[in-house]
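Structures are listed in the sections that come next.
In the two assemblies presented below, chain A is common to both, partnered first by chain B and then by chain C.
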Partner chain A sequence: MTATLTASRETPPGTARPRRGKRGRAGTRPRTFYLFVGPWIAGFVLLTLFPLGYAFWMSLTNTDGLSPHWSYVGMDNYVRVFQDGQTLASLGRTGIFMLATVPTGVAAGLLMAVMLNRDFKGRALFRALFYLPAVVPGVAAALTFKIIFDKNAGAANAAIGAVGGEPISWLADPWVRSVLILMMLWGVGGSMIVSLAALQDVPKELLEAARVDGAGPVYSFFKITLPILSPIIFFQVVTGVIGSLQVFVPSLLLAPVNGAAAVTAVPEGNYFFMVHVYAEYFAKSHFGYASALLWVLFLFVLLITGIVFKIGNRAVFYGGVDPSERKEG
Partner chain B sequence: MNVDFARRARMTALYIALITLAVIFSGPLGWLILTSLKAPNELSVFPIQLFPETPQWHNYLDALTYIDFLGYARNSLILATLSSVLTTISSAWMAYGFARLSAPGKKFWFGLLISTMMMPGIITLIPTYLMFAKLGFVDTYIPWILWGLSGAAYMIFLFRQFFSGMPKELEEAAVLDGCGHVRIFWKIFIPQSWPVLAACMVLTFTASWGDFIAPSLLLSDETTTLAVKMTAGYVNEKGFPVQNLLAAGSTMFILPVLLLFLFFQRFFVQGFSTSGLK
Partner chain C sequence: MRGSLGTPVSRRTLMRGSALGAAAAAGAGALSACAPSAGGSDGGKKTLTIMAPENEFSPEFLKSAEKELGMTIKRVEVDTTKLTAMLASGTAPDLVRGLGAVETSYIVSRDLALPLDDYFAKSELLKEDDIDPINDVWRYDGSVQGQGPRYGLAKDYSQDAMFWYNTALFDAAGVAHPSDAEPVTYDEWLEMGRQLTQKDGDTTTVYGLSAGGLGLFISLTNMTASAGGSLLSDDLGTIDFSSPEAQKALTWYLEYARAKVGFSPVEPNPDGWDWPPYQTGRLAQSWSGYWFGGAIAAEAALAETSRLAPAPTMGGERVSPCFGATGYWIPKASKNHDEAWQLFEWFMGGDPAKERAAGGWGMPSLLSLRADLPVGTPAQEQALAAVEAEADYFKVLSFTPYVKVEALDAVLNQYLPDAINEGVSAGALADTLNNDMQALLDEGKELVK
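The block that comes next holds the complex of A and B.
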C-alpha cells in the first residue's frame, strides 16, 4: 500500500502507467512465483519434512539402524522417554543451563548496549572488542577455554596459584558446567549488537522530554526505553530458550576425549538433553528410542514457537521491519 | 561547574567499566596468543608464567606441519565457499519470489519460512545424516550442495526485506521493455543488493568455516574440515594435547574469520542486525 503511494508520487505527471496491464499479469502468474520459491519448498520437503518423518517412523520401531531385524513397537519409545531417569535428569540440567545463560545473557547484552549507546571517544573500539568473541567459531572458543581452564597449564589455575590456592580440575564435575556457561556468556556481544540496534529506535525527543520533566536516567530507562525494547528482548529470550534446549556441541567440545568417543566422555554436569539424544543414537545405537527423544524435543520447540506466534508475531517480526513501510510511516 | 563535574565523573566511571569489560572479553584470545608463543617447558611450570621468555614464533610453522593444516584449510575453504555462494544466490532467488511475485499459497509458504527460522537445525541434522548415509552421500560434498541450493530461511528473510524496499518502477520499466522476471532478478535486483549479498556471503562463509557437527558426522578424516581436525589433531603419542601448537593452530584457524569481521564490521553491526531482526 505504502509502496504504491510512493510509486505514484515519484512518477512524473503525465507518464502512462499501465498498472493493471502487462506487469499485473506477469506478477500474479503462480508459475513464476513457484519458479522462484520452488527450490526452497523442495529443500523444505526433502531436507526438513522427510528427515522428520523418517525419524518419526524410526521412533515407532526398535531399529538400531543396521540390523534388518526390527519390529514395530508403537508408542513404547515415547512412554520410555518419561520413565528414563537419564532423560529426565538431562532435561533438568538443560533447564538449569537455560536459566543460567538466557536471562544473564540478555541482561548483560542490554546493559553493554546501553553503555555504548552514546557518543564518546573509543566507542567503535569497545563495540568491536565486545562483539569479537561472538564471531569466534565455537570450536575455537572451546579450544581456547580448554587451554585457559587446563588443570596444569591454564590461566585460571595460575591465578588461583598466585593467591596460594590449590589447582582445580575445571574440566571435570562439578566445575565443567560453569566453564561452559562462562564460554557461552563470552559470546554475549551478539545479544549486545541486537539490543544496540534496537536502541537506535528509541526516539531521542521522548527521552529529552522526560529529562526536561525531571525524570532521571534510571526512571526513563525503565519507563521509556525498556517498554520500547520489549519486543526485541522477548525475541532474544525466545531464541535463547530454543537455543539452549539444543545445546550440545559445546558439551562435546569441552569433553576430555575428542572425536566420536567424546559423547561418552561428557562429564555429567554437561550431559544435556541433546547430548543424551546423540549418545542414544551413536554410542548405544538405540535409533528408535533416540528418534522418539528427538521428536519430543521437536514438539516442545513447536509448542514454544506456536505460543510465540500467538503472543508476539506482529511485535517481534513485523514491528517496523519492512523497510518500505518504515520510511513512509 | 557542578554539572560539568558530575558529567565528568560519570564518564570516568563509564570508561572504568568499559575498560574492565574490554580486558575480560579480550582475555581469552590474549591467553590463547600468549600460549601459542610459549616453549613446551613453559607450559606447565608452577607457578604458571604469563609471558613466554622468548616468543617461540616457530610454533606457528610447527602447527602447520603437526597436522596437514593447509590441506584441511583447503577442505574448509572449498566447503565454505561452495556453501556460501550457493546459499547466497539461492536465498536471493527465492526472496525475489516472496518479495515481488504473488500466487495462491504465498502467505502459507511465507509463514512456514518464518517458522523454520525458529527451528533448530540440530533436530533434523541427525535423521538427515542417516538419510544421506543410506543414499551414499557420506564423505562427499553433495549434502552441502543440496543445503546450499535450498537456501537458508534467515537469509531469504533478509533478502526479502531488502527487495521489498526497492522501488517498483525498477521492474515496471523492465517489464514494459519485455523483460522477464528471471532477467529482472539478475540484471536489476542482484546488482543493486551488493551490501546484503556481501553480508550473507560473509555470514554463511564464517558459519561453515566454524561448523563442527555436520562435517564430523558426514565427512571422513581425509575430507573433513579444519574445524573438526583442530579438535583432535594436536595431541602427542599419549593422547595429551600439545597446548602451544594447539594454541598456534587455533589462532590461525580464527584469523580468517577475524579478518572478514574487521573488513565487514559495518555489515555485521548495522546491515545485518538492523535489517534482519527488528
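The block that comes next holds the complex of A and C.
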C-alpha cells in the first residue's frame, strides 16, 4: 500500500500510462479516445484535407468548373498571382485593413473591459449594452450602417450638414473603407467580453501588494495586469489577423448591388483579397486561378501567423512567466 | 478491427476506419448519382430536385405541384456554387433557373443544357405558334443566339430597355411627359433627368433618372445596338468599345454618371435597386421593364401616376430588347428528363402560368395568356398598351458563350469609378475595357471547343 502510494505520488497527474490488457477501464481508454476524435478526423479529412488537395489540383488547371475542355497549365496560375495587379493591390489593401482593425479592435475591447471591470452603479447594464452590437447579425448591422451613411438621408451627413459641412458619398470610394472599419469596430464587444473575462482572473492580492508598495494604477496596469492578460490578448491578435485577412461578407453587404452580383460591384476600397478570390471564382469562372489564389492566401496566413507567434513568444507571459526569463531558462 | 465492446482499437485501425468513413460519406454523394433520380424515390414517386427561389416555388406551391404531377419535388436555392458542385458530383438538379438572354449560349456551349425541341413538338400546353418570339433568347445554334434548338423558356419577361416614370414628379418639375408611342433619344432622356433632379442644398432629394438597368454591360450592349452597332463581333468572340456606336454609348453613360442625376458606381444606391426610391418619390424615372408594374400596382397612389415609356433610342435602328427572360432549363445530366419536362410544361403553360400573368409581374411567355394580364389600374392599362406597341421592336441581342456577364460587369465596375471621377475620355476607357474583356473572352475560348 505504501509502495503504491509512493509510485502514484511520483507520477505527475495526467501522465499515468494505462495498464495494457483485454479487460478493465484502462484497456478501453484508447478506444474511447479514438471514438471521440474519429468524427473530427473524418471531418478534417473530408472538409479540410480533401478540399485543400482538390483546390491544389484545380490550381494546376484552367477549369471554369463547368466546361469539359479544361487542360493542365502547370504553375502558370501561381506565376500569374504575382503578375496580376488587381491581386497584389487587393492583398495590399487587405494588409492595411488588418493593420487598421486588429490593433484598434483589441485595444478598444481592452479599454472597454478595463472601464467596465470597475465598481460602479449600472455596470451590468453597460456591459450588456456594449456587448449587444456583437450579437447583432452582420446583415442587420450592414443595413443599419448603409442607412446611417446614406449620402442623402443618412444621419452621418445630417450631422455634418448641421455644422455646415458638405455631404459625403460614404458608400463610394474613397470613404467606403472607413465605413467598413467603423462597422467592424462596432462589434468590438466580442473582444471586450474576452478581455473582461480575463481581467476577472487577475489576482487581487498582486494588485493590492503593488498598491501597498506604492505603485499607481497605471504602473500596476502595465506591469501586472497587462502581462497577465498577454496570452488572451495574443489569442485575440492571432484570431483577429486570420479573420481580417479573410474579410469578405461585410464588403459585399456594403456594396451598392444586392445579391450574388454584389461581388462585381464592391468599391475598390473594400475590394479585399477574398472578394477578389470570390469574383475570380464565381463572376469570372476562373476556378483554376482562384484556387491558386486561395493556396497563396493559405501560405500567406501561415506566414503572418508564424511571424505573430514569433513576436508573441517574446512578449507573452504564459503562466505568469516573463518571456525573457523563459528564454534564458 | 475487433468490434467487441471494451477492446482497444489501434491508431492504424482507427485511421483506416476514419478513411473508410470519409470514403463512405464521399461515396454516398457519388452513389446517389447512380440512383434513378437526384433525390431518389419516395414510395414509388420520382423525386425531382429543382434549383429555384422560394418566391417562385414556395412550400405551398410545391405541395400543389406534387399533388398535380404525382411526384416529389425538392427545392434547393439558386446558387452558382451549388450548381457547379452538383454538376461536378453527378447529382445535377432536374430543373434550373436561369437568365435566357445572357446565359443560353454559355450553358449550351458547355454542353450543359438539354435541347427541348422534341418535348415542345409533343406538348399540348406549349405550342410553337403560341410561344412569344421573345423566347428566342433561349435558342442557340452554336454560333447565333435566337436560332437553333430551344433550351428553355422564360417564366415571364419584359422588354427591359423601356422605362417607368412618375407623372407627379414630372408635373412638379414642369417637364413634359414622354410620348407613349415615340421614343425619346438618350440625350433627351438625360436632359429630362437633369430637369427632374431636385436638390436641397448639396443633398439630392429626387433623382431624375436611374440608368443602371439590369446591369452595366447589357445596358451598354443595348445602347450600342440602339446606335446601330454591336459590342460583340458576329462570331461573339471579339469585343469592341472603340467603334463609333460603342463610343456614343460609353460617352453617354459617362456623361450620365458625371451629372449625378441618378445611381452609378460613384453615386451608389443604398437600397441596391430602384424600387425603394421610386416607391418613396425619390426617383422620377427607372430604367425597368413591364415587371416593375407588379410592384407599382400594390401602391394605389403610385399606380395613378406611373407610366411606362418606350425604350430610348441612340440614333440607329429602334430596338427594344429583353435583358433577362428569366426562366428554366433542364440539365443534360439530369436523370429525370421526362419528369422535369412535365414540371416545366405545367409551370410554363398550366395554371401557374395563368396565375403569374394575372399578377402583372411580367409578360407571359405564351401569347394566349396576354388576355390574363391585369388592367385594373391606369398604370396597368397604359403599360400593357405601351408593351404591345413596343413588341415590334424586339430584337435578340446575342451574348457571348465565352464568358459570363458578371465577368464583364466586374471589369466595368473596376474601371468606371476612376473614369467617371477623373474625367477619363470614352476612347481611353474603351482601350482599357477592350484589353481586359478580350483577355477574358480569349480565356473562355480555350474552354469552348
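The definition used in the following text is that the second predicted complex is superposed on the first by the 267 of 329 C-alpha atoms of A that agree within 3 Å, B and C clash if a C-alpha of one lies under 4 Å from a C-alpha of the other, contacts with A are read in each partner's own complex, and residues count from 1 in each chain.
By our rule, a contact is a pair of C-beta atoms (placed from the backbone, for glycine too) under 8 Å apart; a residue touches a chain by one contact, two chains touch by 3 or more.
The structure presented is a predicted model; accordingly, all values stated were derived computationally and were not measured.
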item	value
Chain B versus chain C as contact partner of A:G243, first or second or both or neither	first
First (chain B), second (chain C), both or neither touched by A:A283	second
Which of chain B and chain C A:T264 touches, first, second, both or neither	second
Touched partner set for A:N62, first chain B, second chain C, both or neither	second
Touching partner for A:Y72 - first (chain B), second (chain C), both, neither	neither
Touching partner for A:Y54 - first (chain B), second (chain C), both, neither	first
When both partners are placed on the shared chain, which of chain B and chain C touches more of chain A	B
Contacts of A:Y219 with chain B and chain C, given as first, second, both or neither	neither
Chain B versus chain C as contact partner of A:E166, first or second or both or neither	second
Doubly contacted residues of chain A, that is, touched by chain B and again by chain C	22-23, 27-28, 30, 34-35, 41-42, 46, 50, 65, 146-147, 150, 152, 154, 157, 161, 258-260, 281
Footprint of chain C on chain A - complex, ascending	22-23, 27-28, 30-31, 34-35, 38, 41-42, 45-46, 50, 62-71, 86, 146-147, 149-152, 154, 157, 161, 166-167, 169, 171-173, 255-261, 263-268, 279, 281-286
Residue ranges of chain C in contact with chain A within the complex	6-9, 11, 14-15, 17-19, 21-22, 25-26, 79-81, 84, 87-88, 107, 110-112, 201-205, 215, 263, 265-270, 272-273, 282, 403-404, 406-407, 409-410, 413-414, 417, 440, 443-444, 446-449
Of chain B, residues touching chain A in the complex	11, 14, 17-18, 21-22, 25-29, 31-32, 35, 43-44, 46-48, 50, 90, 93-94, 96-98, 100-106, 109, 112-116, 118-120, 122-124, 126-128, 130-131, 146-147, 149-151, 156, 161-162, 164-165, 167-169, 171-172, 175-176, 180-182, 185, 206, 209-213, 216, 227-228, 230-232, 235, 241, 243, 246-247, 250, 253-254, 257-258, 261-262, 265, 268-270, 273-275, 277-278
Residues of chain A defined as touching chain B within the complex	3-4, 6-7, 10-11, 17-18, 22-23, 26-30, 32-37, 39-44, 46-48, 50-52, 54-55, 58, 65, 112, 115, 120, 122, 126-133, 135-148, 150, 152-155, 157-158, 161-162, 186, 189, 193-194, 196-198, 200-201, 232, 235, 238-239, 242-243, 245-246, 248-249, 252-253, 258-260, 274, 277-278, 281, 287, 290-291, 294, 297-298, 301, 305, 308-309, 317, 319-324, 327
